[in-house]
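What follows is chain A paired twice: with chain B in the first complex and chain C in the second.
This part shows the complex of A and B:
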């Protein structure tokens, strides 16, 4: 299974990156390929490629602030959660998505 | 990766005896102010609480991560607070460790933001959190300075 995602938060300093790390860590532990783009105050990091997006089974987007470039995910299965939910439940999320894939 | 010490200062406040989240955050902010990291303590405090009200910053594992990019910060600083007993952070969740991130506004230099981003990533790892909890106040600064992000996706 492959997952891509974009995280962002109001101040763009902390939760953006914690959520990204939580998803990447959970993916690594479960052998799921995960690519997360961060949209923070210091700019966009790890911008998703069109190849990564088209290969993804699911897209995870944070809902704290509006994500830029959501048109890239048109037609994909999108899961939306707050960064706090992602941080706390990344493992459970990965398990759930694995079952749905 | 640049050395954290060049861009971010660390201030510690261990053994905070507080009965509320507000009291605990204020104790850490007072330490930052005493260390000369703030331009206006009261206004910075207001910025932190405004951010906190917008979306509470409990991140799990007993950690609260109040933070603000504020006009009233002089130098980018991480304030680490350890509480003698947990306080309710939000939605019944309790924190006994505070990681307060104070970042000044403006400036062309965003290296400190990148470093803070990496530190935020580090907090997601149990081994780092365990080390943080078991390290003494005098050594916690060295722990942070020595830490780099374990795995970025690129």
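This part shows the complex of A and C:
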């Protein structure tokens, strides 16, 4: 299974990256390919490529602040959660998503 | 958006907060640059007034420029978040007008929201494809600005300005013990969710008034540092009550607290919310309260010890952080049970936990 996501938070220094890390870590443990773009204070890092997006089974977006460029995910299955939920429940999220795929 | 029952309750608040938080993220660099440079100019002049001449006067003018723009940026990016690119200009203009008529940050926020709504609804007007360029180039900026700024200038600007004057005077007139309830509430909000939405509301309240009421950041900035520093200290004093990972995280938390990143406390709170969250809330409330009581003025829209160069009454500020952190460390230290290494079976059970609710949307 493949997952892409974008995380972002108000101050853009902590939650953004903690959520991205949580998803990547949870994916690694379960052999899921995960690519996360972070939209933090320093701008966009690890911008998702159109190839990564089209190959992904699910898109995970954080809801704390407006994500830029959501039109890229037209037609995809999208899960929207707060960064706090992502940080705390990344494992559970991956488990559930892999059951659905 | 697919909603479940718990989401419905906050159906207007959640998106409103998302827009406000998006805009706050864009606004903070304006306040950081403006506020700190301005405060530096005042400090270097060595007098309690703003330098107007010479090199320091010029330095102060750089700072003022940043401070003059932060409310327009706040309003502009609220509208940007609501209505995408076409919202930006009407939001900026309306929020700028709000500052011109002294409607302050509340005027800026309301102006941004009005501009966002105006453009959002203008976008619903169906136009033949041939005229699409016309709408994006003329209708959205013109219509959005006239509607939102018109309401601001003709209708609601003056009442908001009156309210802001009242609020500023009221908060300024609070002295000594009268500041205590405000300090306790703001501090508790900062500590309770460690950088989450409630924390950001308190922070935004203080940040947007850092130019007129710097005492707010004097308390809130100290409170923001308290949970991670307190927990970091707890891992050093009460070693037996923390796992090896927690102790590593404790050092990181100390550093993050010093830099004013309340989020450093999150790993501890997720591991043991029932003990850590109350401790953080009480500790942050104590720190904010102390900051207010000691009369600390913080001219940066940020917290932690990193802002010390632009704090008036530095020892008071340090004492506020120390008091709050001590409260956090002691509560956590005494409430926590000694750490026992988890058996692998338990860990496994936790990893398989599927306790999460979400909806899948088709974009």
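The rule is short, and it goes like this: the second predicted complex is superposed on the first by the 101 of 101 C-alpha atoms of A that agree within 3 Å, B and C clash if a C-alpha of one lies under 4 Å from a C-alpha of the other, contacts with A are read in each partner's own complex, and residues count from 1 in each chain.
Here, contacts are C-beta pairs under 8 Å (C-beta built on N, C-alpha and C of every residue); 3 or more make two chains touch, one makes a residue touch a chain.
From a predicted model like this one, the values you see are computed outputs, not experimental measurements.
On the superposed chain A, the positions of chain B and chain C overlap enough to count as a clash.
By the touch criterion stated above, A:92 is placed in contact with chain C alone, chain B being left untouched. Of the two partner chains placed by the overlay, only chain B lies in contact with A:42; chain C stays clear of it. Contacts of A:101 after superposition: neither chain B nor chain C is touched. By the touch criterion stated above, A:55 is placed in contact with neither chain B nor chain C.
Look at A:76: by the touch rule set out above, it reaches chain C but stays clear of chain B. Of the two partner chains placed by the overlay, chain B and chain C both lie in contact with A:84.
By the touch criterion defined above, A:64 lies against chain B and chain C together after alignment on the C-alpha atoms of chain A.
Touch criterion met: A:14 reaches chain B and chain C at once.
Only one of the stretches 2-10, 20-28 or 308-316 belonging to chain C has C-alpha atoms clashing with chain B in the superposition, and it is 308-316. 9-15, 18, 41, 64, 84, 87-88 are the residues of chain A that lie in the contact sets of both chain B and chain C, per the superposition on chain A. Chain A makes touch with chain C in their complex at residues 9-15, 18, 29, 41, 58-59, 63-66, 70, 73-81, 84-85, 87-89, 91-93, 95-96, 100. Of all residues in chain C, those touching chain A in their complex are 1, 14, 18-19, 21-22, 24-25, 28-29, 81, 193, 195-197, 200, 256, 261, 263-264, 266, 270, 351-356, 358-363. Looking at the complex, you find that chain A touches chain B at residues 9-18, 20-22, 24-25, 28, 34-36, 38, 40-43, 45-46, 64, 82, 84, 87-88. Residues of chain B that touch chain A in their complex: 51, 54-60, 65, 67-69, 101, 103, 110, 113-114, 116-118, 120-121, 123-125, 151-154.
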